[in-house]
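Dropping a structure here in structure tokens format, bear with me for questions.
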């Protein structure tokens, strides 16, 4: 996995995540203030939107803007990314600022949602750094960004647990699981689905172990990217 | 939990699920044939839609039909129900028939998505029975409906794992998890989210244990309801 | 016709109307204040929305939320219900409060719009009672709710005028008429349509007589339901 | 009321109706064939759409195309026009042809829906004539167009029944009624609404008498327009 | 070309443009104030919307309101009209007033967008006159309306440059160009498209000459119409 | 300007265009067959869609998919790109194949539409090459792709004609013009707009000269990119 910071010139934080052939551009856009219903709370706000370019995939998909509606898969993934990145932040230390994270898949080959979370965290870290340089945070930067977050996909193929499924593996996996962990190895989100099959407790445990180890490796990569 | 079969007169399967103050009407509508892209495959099709009446909740929500778009939460839950109920069926034994499961929340007090899955299974079972009586299945009824499926919500409140959170508990839960199991105790879907907090491996394990036990109790209730 | 008050726990007024096999859940939701363009007028506001569950009918209809638009029939009926219930209220005695009446058809077998009006009135009466207990009305309760309103459908089948058509009768009716009357026997709305045929003045007169008598019987039922 | 036939060059039937300051352009567009679900029935099809130019009224309204949705009033009126014009035609004599009637209000000063029906009938008559010249009818023209239809609005202002309310009268009317009659004086549709007040049986009778007389006068005008 | 001022009674400016068989109703609606983001700037605002009646053309088009979205052609033309009419006005002399120009094509036979600009200018001039009579302008009327604007379509058919293409010519034109000029012969917009062919510099020059001459003739017509 | 071919792995043609700080990803997606209304014509089909990532610009724009509608600017540019690229192809030599060109702006700093056309041509050339290797063209590749097309933006700033305006220059330009030329120096499209001012014939001529020279330089770059 490669994390290229400042890939774009305009956003307060921007990271190009490359993971196998998957490429996701994560940008974090800061705006002063929070949505109306939250004003005066002293709390910040973060949310995320996920989308795919129409030909990020093997066959072209119609644009959701042209269809006039957002599909269920897009909604589901956007919500997962938003919940995961919310865990990074102490919203009272962030102060009444809003961060919008956009994760646009430029090329897809499996694991786009977990790549988006992993890269999104680095973009958010840069956005918090930008806010700190503007003296716009309510607390210290390390209070506002109180945890790191990374995510991996794991699955069972032919009875074997596997980390980081590419698209071809994903299609044939019996069980598919996304694990989101903090840099301390605690869990933020665990989503396992029996796509072609159901799964036993021992399989669940194996997948969780494998995923947690994968997240730990990514957390190290994130630390290096942010230190450079 | 109460499961009232044949609550509605028109659908091939219909169940009113009552679970605490939560009331969900699950109907299974059968149509001959499958969507165009699936024709000639010999496989059936099942999908689900979830919705809430506008005043099912403490404060009224605007109708999604009036807003002209379906929200992210609705999409996410509809997809979870659809994936879970797909695990009940062997689509080749179902033959080229389609089952649409509608889960409409008449009154909400927590656990609406898991109630919808649990009641939806019973409505699907009745729809398969209806197809059997029409001699429209490709296989035997027990092949078409090869597993039962039930779901519970579990959570951690004040450090304690809890089964079946009502709305007030759900709001204050640190961790929220939905567990979907088959009647044999295998897992179909596990979704855990740290809403207010992150969680450790031991907490995950406790929640999964609690959820699996809850599903086993519901599976027994489903058996009784279908036997009556 | 059965009118079950307080069928739902959350709304300020809620009534399940059962009329033959037709079942409509009418809820009245109160919010303080009125839409922006009405502020400072001293007048309250009431409006209504009608919808059907997808499998309330013999064959399943697609959800209007999924289609992304509200159909003409839904719009037409919502407007009829709104106009009819507006006649119940003296909006200056109501004060700057808003009542939204939701009429959701759980099961349909003819006469859903007239059942919605008849049940909606009872839900509105309970909502006005709730406002009275909150000391939120500008006038007295009996001034705010200055008339009762009930509605029936009548039609001509095979040359004979008929009250309360069920779905099968409705389909074959030559003329179809909805009559909305106050408890005093005055008319709020009269809508007659020659579906399969045109009609003469004498037929119109007969239908109006029949409808007015039907409304008088329902007004008595409403009085009893509200007295209990 | 002035009925100008062939106001537009493209449609098979087109009539500009002027009624006081109200101006409605009614066009009838013929297409061979019927919607898919009706194919092979031997029956034709007719439907109508009503709309207003944004500045047809004293203050400008936003376009429904820009809002992305059709309002309830538009839906309600389109359906009324469609039902009324359906009464003109014997759909089996029309054969499998479709007529779409568009009624666009160029200038509004009350009575736009009744003007649309009255002018729409003449446009439909011309469209049937066009079909006859193409030898495309299943029956004779006088069988296909078996009745004429006209409509008026009547109302009660200050206790007095009044025919043909202009916009300023319409706003202050206590009761507002639209009457649609055939050329023989039979009723197609009767819609009376107590806008500011309820109404008694005697008032209803007076309004129906007045409306039927108004329709008879318009039927004569339609005959003359079609004869010229 | 005929320009009929005050064709409609409600708008502050209204012109029916007839140009060959093409008929466009241009109305200019004035509202006090400007959109929120422009408040306090001292500048006025003008924008335009273009639309066609469904049967303005040889075959009927579906309404954009029914489709729920505005097509690309409509958007493109509305923007061209808006940019062109903006050139007429000195927005600081207009003061904080808004003018919405609606151009509705009642009958189409080529050149609808250029007819809309040419007629739209006259409607805007009448709206500015109306504002002057209300003493609502910040500057003098001749400062607010500091230029006139007219537009023509030109094209190359069979190698020959041609002014004012009707629909049949437009369809077979190799090159199609819209020229918008001020009354002084300066250019506001030049849009040339090689529809069936590409074009050389000399052809471009010829078309621009022809178009500028056409605009000069229309400017004279506009002066006469406004003088009468 | 840099043209990076094969930037994406999935599309039949893909080019990343970099032009100053502007970056546009152009992909050409080939599908066998043509839209239904064109079947049996022997002609191919090409169309284009343009979009911007939400934070391609200095401030974030809402996604058009979330707003549920495509804006006028997007429509206008998509149509310009489509018309321009249609000029590259002889659709009868292409045969009944469809090419969809997607131009997604990853970073914007002026000239995105002209960069999209210039890069889009190279992506189309690669797609035609792919079709040739599949033996799916009706004619020879050099017949199918019978012209090259490139585009530049030119403008007048402070009285001086300028090539290739960046965003800051674009905002202050008096006149803004997009020129699309073939590799032979013929014109495909000329669009000049007086944004802040009107322009004289001599200025128009200067801009066209400057633009044509700019296009010639780009055509040379395209030739080199396709030769490498």
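Note that the chains are named A, B, C, D, E and F in the order they appear, and that numbering of residues resets to 1 at the start of each chain.
Methods note: a contact is a pair of C-beta atoms (placed from the backbone, for glycine too) under 8 Å apart; a residue touches a chain by one contact, two chains touch by 3 or more.
Just so it is clear, the structure is predicted and the values come from calculations on it, not from any experiment.
K.L.:
What chains do chain C and chain F have as common neighbours?
P.N.:
Output, common partners of chain C and chain F: nil, no chain qualifies.
K.L.:
Give, as an integer number of Å, the spacing between the C-alpha centres of chain F and chain E.
P.N.:
It comes to 28 Å between the two C-alpha centres.
K.L.:
What is the distance, in whole Å, between the centres of chain A and chain E, each centre taken as the mean of its C-alpha atoms?
P.N.:
Each chain reduced to its C-alpha mean, chain A and chain E end up 49 Å apart.
K.L.:
Would you mind listing the residues of chain A that make contact with two or more other chains?
P.N.:
68-70
K.L.:
Based on which chains are in contact, what kind of graph results: line, ring, star, complete or other?
P.N.:
Graph shape, chains as nodes and touching pairs as edges: a ring.
K.L.:
Once the touching pairs are worked out, the chains link into a ring; list them from chain D, going toward chain E first.
P.N.:
D, E, F, A, B, C
K.L.:
So in the complex, which bits of chain F are touching chain A?
P.N.:
8-11, 14, 21, 25, 27, 29, 31, 49, 51, 53-58, 60, 63-70, 74, 100, 102, 104, 106-107, 109
K.L.:
Of all residues in chain B, which touch chain A in the complex?
P.N.:
It comes out as residues 69-73, 75-76, 78-79, 83, 87, 147, 182, 186-195, 198-201, 204-205, 208, 212.
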